[in-house]
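Everything below concerns the one structure shown next.
In this document, chain identifiers A, B, C, D, E and F correspond to the written order of the chains, with residue numbering beginning at 1 in each.
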Amino acid sequence: MLAVIPMSNDVMAEIQHDYLFNLVLKGERADGRSFDEFREITIETNVIDTADGSALVTLGTTQVLVGVKVQPGEPFPDTPDVGVIITNAELIPMASPEFEAGPPREGAIEIARVVDRGIRESKSIDLKKLCVTEGEKVWIIFIDIHILDNGGNILDAASIGAIAALLTTTLPGARYDEGEDMPLPVRDIPVAITTVEFGGELLLDPSLDEGKIAGTSLTVITNSDGSISGMQKSGTDPLTTDQIIRIVDMAKTAAEEIRTKFLEV
Amino acid sequence: MLAVIPMSNDVMAEIQHDYLFNLVLKGERADGRSFDEFREITIETNVIDTADGSALVTLGTTQVLVGVKVQPGEPFPDTPDVGVIITNAELIPMASPEFEAGPPREGAIEIARVVDRGIRESKSIDLKKLCVTEGEKVWIIFIDIHILDNGGNILDAASIGAIAALLTTTLPGARYDEGEDMPLPVRDIPVAITTVEFGGELLLDPSLDEGKIAGTSLTVITNSDGSISGMQKSGTDPLTTDQIIRIVDMAKTAAEEIRTKFLEV
Amino acid sequence: MLAVIPMSNDVMAEIQHDYLFNLVLKGERADGRSFDEFREITIETNVIDTADGSALVTLGTTQVLVGVKVQPGEPFPDTPDVGVIITNAELIPMASPEFEAGPPREGAIEIARVVDRGIRESKSIDLKKLCVTEGEKVWIIFIDIHILDNGGNILDAASIGAIAALLTTTLPGARYDEGEDMPLPVRDIPVAITTVEFGGELLLDPSLDEGKIAGTSLTVITNSDGSISGMQKSGTDPLTTDQIIRIVDMAKTAAEEIRTKFLEV
Amino acid sequence: MSERPERFIIDGKRLDGRSFDELRPIKIELSPLDRADGSCYLEWGRNKVMAAVYGPRELHPRHRQNMTRAVMQFRYNMASFSVDDRIRPGHNRRSIEISKVSREAFEPVVFTKFFPKTAIDVFVEVLRADAGTRTAGINAASLALADAGIPMRSLVSACAVGKVDGEIVLDLMKEEDNYGEADVPVAMTVGEEITLLQMDGHLTPKEFYKALELAKSGCRQVYGLQRQALVEKYNKDYSVDEDDARSDAGGDSDE
Amino acid sequence: MSERPERFIIDGKRLDGRSFDELRPIKIELSPLDRADGSCYLEWGRNKVMAAVYGPRELHPRHRQNMTRAVMQFRYNMASFSVDDRIRPGHNRRSIEISKVSREAFEPVVFTKFFPKTAIDVFVEVLRADAGTRTAGINAASLALADAGIPMRSLVSACAVGKVDGEIVLDLMKEEDNYGEADVPVAMTVGEEITLLQMDGHLTPKEFYKALELAKSGCRQVYGLQRQALVEKYNKDYSVDEDDARSDAGGDSDE
Amino acid sequence: MSERPERFIIDGKRLDGRSFDELRPIKIELSPLDRADGSCYLEWGRNKVMAAVYGPRELHPRHRQNMTRAVMQFRYNMASFSVDDRIRPGHNRRSIEISKVSREAFEPVVFTKFFPKTAIDVFVEVLRADAGTRTAGINAASLALADAGIPMRSLVSACAVGKVDGEIVLDLMKEEDNYGEADVPVAMTVGEEITLLQMDGHLTPKEFYKALELAKSGCRQVYGLQRQALVEKYNKDYSVDEDDARSDAGGDSDE
């Protein structure tokens, strides 16, 4: 006698895992890409005129909208002469049917913090130039990342969206009686590139399914001169030194291509 | 064989629905009122001497206590020369055995916002007169609505309580070294009146059971000159244009009666 | 046929209750102490050099770390010329495997408030001396209680840790350009002593098991001159007047001993 | 906040050149999102809103399930950068109230009884706000529900009416909303049943009746655009037949 | 905050003319609320408190249920306008602590074992606060529990004692509480078992013992008023017989 | 915050006299806590951290249980007084991120499949913070897991590397962390698999590879101290045999 039971999510996940695993063994990906190939990217800037800078990035079916607002405010007490960057990411429920796994908002916080570190550590923004009156007033840059559709690899889309939005951001001097409007001075173009490890292979720009099935990912943020300004391993499998070196290399190449194609001014 | 199952809330609700529905078909209400008749109202003002104005309203078995506190504070940046009204409603668990349906506090927020809009949009309070020093200091009026016993139609009781409390409110100049105490200048007496639609009929001042069973309610806030300064449809059934027009008319008449009987100074 | 069911927590609790109850009837405690005997106490001060004062207290297996931080800040509007004490207790999940019973954080809040009242009401700290500029700037004393290991009677350990940390606290004048560093002036040494009632007997310094099984506890805070500056009954059994008088007496004696042995400067 | 204009109506035209009964331009894009079961992007004047629908799907926690019908959930949210002064991310009292009345605007039309124990989730994100975001959100949500294949008695169409310079005008733009004398958002079915009605400001009953009629004409125009978008997308007559819907309007509701 | 009076006791009388062992006037109204299973409105001096009781009723979430007895829940809350400076609505650390000790004041007297898996909820709202709101709340809650028909071994009666100008006095008013030297709230059963005891300030043990005795005499007076209110309302002897209760006091508790 | 030093390296030595590849002193105490199933107190330079482990134990709420393995939970928390400026008690975005990557540092080594439906909880309290609290916490947690008898493929050892004055140096102290050019925390197994890797600052790929090798040598040193502590405590060879672990490293993971 056969008991007909609905297939659980676990069973579905296992079937999908096996399918993708077998593909990878054959050197293939479900969407036909090669292992080091990005999905189609589009970047549209200045899409939200209430923001001081904005960008809508699509990466395959992933859609991320980044809005930048700039306001005067107080500096932190221990850094009285530099501006402030505050990065926030919202994994709004519109973007995907799943509840976030793990403790609440952990994933969104990680995205925001990795994007933030990339911008900050690359010294892409000259924060000293954002000081209005030392110890009293500096420009505060709010980078708000709105994930509209989660088709996988939202971290890279967010990172690309953030720097694209910053490149088009205006310091709104006129609005706050602080001199004329001027473009936000951006000195470098850090780009985060995520690679997942799966069946011993390394896959760039993981799709949603690939991201779920992969045991681990490594995000590498590189700058125009090829230097690294941020890295973040995420996930439950370890990586070998050799894999890390190959991932850094793949990230550098991919970032360079995206930078040249989409982000150079 | 008979399965004895405890009657679920759903079954009880259905029985009650049918009972009230049949009554309405006969033109009757469970408490003997006509369709456009309010329950007994009492209003006692200045009941709480720590408040700058207060009123205890009973509407049938519904009891709502409204306290008004006035404090100096900063104006909003975009309206530097007008006072501030902040209305808050607490559906304290004392008031009824049910947990609130739907997302938390949704009901209380709606009550507070509808009462607030009624006061604000009627221009009942001359907010310009509440400015002490432009851009720096204005009077802030806190209207706190404490629902003690939910016997139905707490929105109307809250609205009546709010304006009754404001009518007896003192601007506490002496307490804050801002000149002499003086009565809060109140220019109009907005009154919210709620009507529910049930079985095609329109019933004023719904009791708790009527409110639960009715598919929808329309609250209309009218002023001394008969003008409307607020409306809010609430609930899951639609209304026809004809019903809306009749409800506005009922509300105007009822508000006028309550205003004349209880609130005229 | 025997149904093998895992013993529920309730059954375990009952067995333990009976065991401890029988011991008490024989005048004994599980760890061999007499009824009015404290477990071994150690106090180590200045253990955290980022704090302005600190103490690690062990009481049997209980471990409590208290850190004091002093910062300038605004006084409360109604007491413009006195410093501020803010006491906080964290029952971090490291300290014990149980979820807190009852509404969240109730237990930690009670500990913080009882310790705080003991310090405050004994007038141990001369708060007037903590005023820098009346109405503008006073010293704020943050007493943070970190419970590392809950082996029972954490309230007494927290109380002893708090006064021990205060006794070694420095007012960090130099750090905030407010004159030289100086020791925090401490005028008295309040000590909280908790006694539980169990089977009609009174047991000082309850172990974890004794604390759980006892119906009620009474904490008495006494000062160097034998006066009382705080009391808190906690738990679900009543106490007789006679028991209260005996507990006050036990607490006074025990506090005196702890004060002389560990806390006198 | 911009300055109050001296006059809102000059030579019978409004600040942006519209006549009293004219809508701002509306642009509709169906199914812009991949993950959602249904979605719609809608521009209305300078408003930009995105709506997504998930469901019917299992509802957690279980005690919130209804044994006889689907539970509708509606979340209206404004992006922090959607207005001039950045707003803090997350819910506030305004968005909670708007979510509630928007949800109630759909409860009369969705056949929730077909899907007991489930949830139907509607999410509206305001990406760029001008006046009228709640009505824009409802119009987008209506299409997202249709796009998700949720069975409905009728589309819901929404539009606001207001009063400026003493005139009742359709579809307030931002300046008219900020400084006008009244604002009346309305949502209705094809059968002209009102499923959302709010009002604030100052109107005589006569003015209100006039406003209500004007709002209904606005909703009818919106419905035309909604219908057209669905027809274009699905290349066939959308399953809600207008005449059927009208006759159905007087019938029994699903609640 | 009012100024500190120079002296609290003049010619053996307190600021409001009371003697040392005299309560402020107490007014009790039973069953003022319709929805609650039991309720009591109580004025004590200038304190005004409302207590309501619901239960025994099902407790959610289920994992909070106790298989062998009812779970008592107690929520003490102050209305934002109940004191001179408006307080923010909602719980704070003080109200959480007061709720806890108040709940524990009732746990020894309520026969919780009669109602496993249920909750008995007591809500106290302070509408106007003078000194002594926690004891006022307990006295009102005690009557609300009786009004709800919850079986109890005894009423609970509460009263505070303090020290001003070196004298131990009963039932502190606000100025005495703010500027006095000690405050000792006490709750007890008819059998004179102490179910709540807190103290802050400065007392010698001898002063404390005197304070405790005075508090007990206050509780006895309060009990008289509580009993009278019940008798008047129910027009018959209230089911707790005083003598029985006393003899019962030494017996086994229900915990 | 202290002043930025003019130079970080003088005569080939760092500010505290260490060479480039030298760790700060590490002190380990096993089982300092009584209640926890396993615990470890660790000092590393001026860092003081406490780690505790509970589990495997039942996981609530039930819907968070995993039917095929234990759920690892990791809570990294800083005491309010652990840094110069008091921090507010409770979680913040930084501690949430650190908790996540620390948990993931252990998921490859713990045999979670042995304990379906349960939770293994790791708590790290930073009592005194200098640079490197997350690596200190991981090293302490690793020993606390061993002390709790949780079966693991390998201990996890962690160490940070950074860049100051153009040099790649091991185990940053606070001044080096605050004002240095890069910070690379790493955790690895005995088999030299990387289970945590983060980086911020500015490094060429070549510098990064050098940093990674240096970090690994630091982890090896840390492992030696961890192993020694376990041996001393348990007075026998700890069950993870180093050679076995190495050969195991290439095998199948438990995930």
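Miscellaneous remarks
Just so we're on the same page, a residue touches a chain if its C-beta (ideal position, glycine included) is under 8 Å from a C-beta of that chain, and two chains touch if they have at least 3 such contacts.
In this text the structure is predicted, and so the values were computed from the model without any measurement.
Both subunit E and subunit F are touched by C. Fewest steps needed to get from subunit B to subunit C, stepping only to touching chains, is 2.
Taking the mean of C-alpha positions as each chain's centre, the chain lying farthest from the centre of subunit F is B. Set against the C-alpha centre of subunit D, every other chain centre is closer than that of C. Centre-to-centre spacing of subunit A and subunit C amounts to 48 Å, using the average Cα coordinate of each chain.
Each chain gets a centre from the mean of its Cα atoms; for subunit D and subunit F, those two points are 52 Å apart. Subunit A and subunit D have CA centres that are 33 Å apart. Multi-chain contact residues of subunit D (touching two or more other chains): 60.
Annotation for subunit C: no residues touch 2 or more other chains. Contact topology of the protein chains: cyclic, one closed ring where each chain has exactly two touching partners. Chain order round the ring, anchored at subunit B and oriented towards subunit D, is B, D, A, F, C, E.
Across the interface of their complex, subunit E is touched by residues 48-51, 54, 61, 63, 65, 67-69, 71, 88, 90, 92-97, 99, 142, 144, 146, 148-151 of subunit B.
Of all residues in subunit D, only 1, 67-68, 73, 93-94, 96-97, 99-101, 104, 107-108, 184, 188-189, 192-205, 208-209, 212-213, 216, 253, 255 touch subunit B in the complex they form.
On the side of subunit E, the complex with subunit B involves touching residues 32-36, 46, 48, 50, 52, 54, 57, 60, 75, 77, 79-86, 89, 121, 123, 125, 127-129.
Those residues of subunit B lying in contact with subunit D across their complex are 10, 78, 102-103, 105-106, 109-110, 112-113, 117, 120-123, 215-216, 218, 223, 226-241, 244-245, 248-249, 252.
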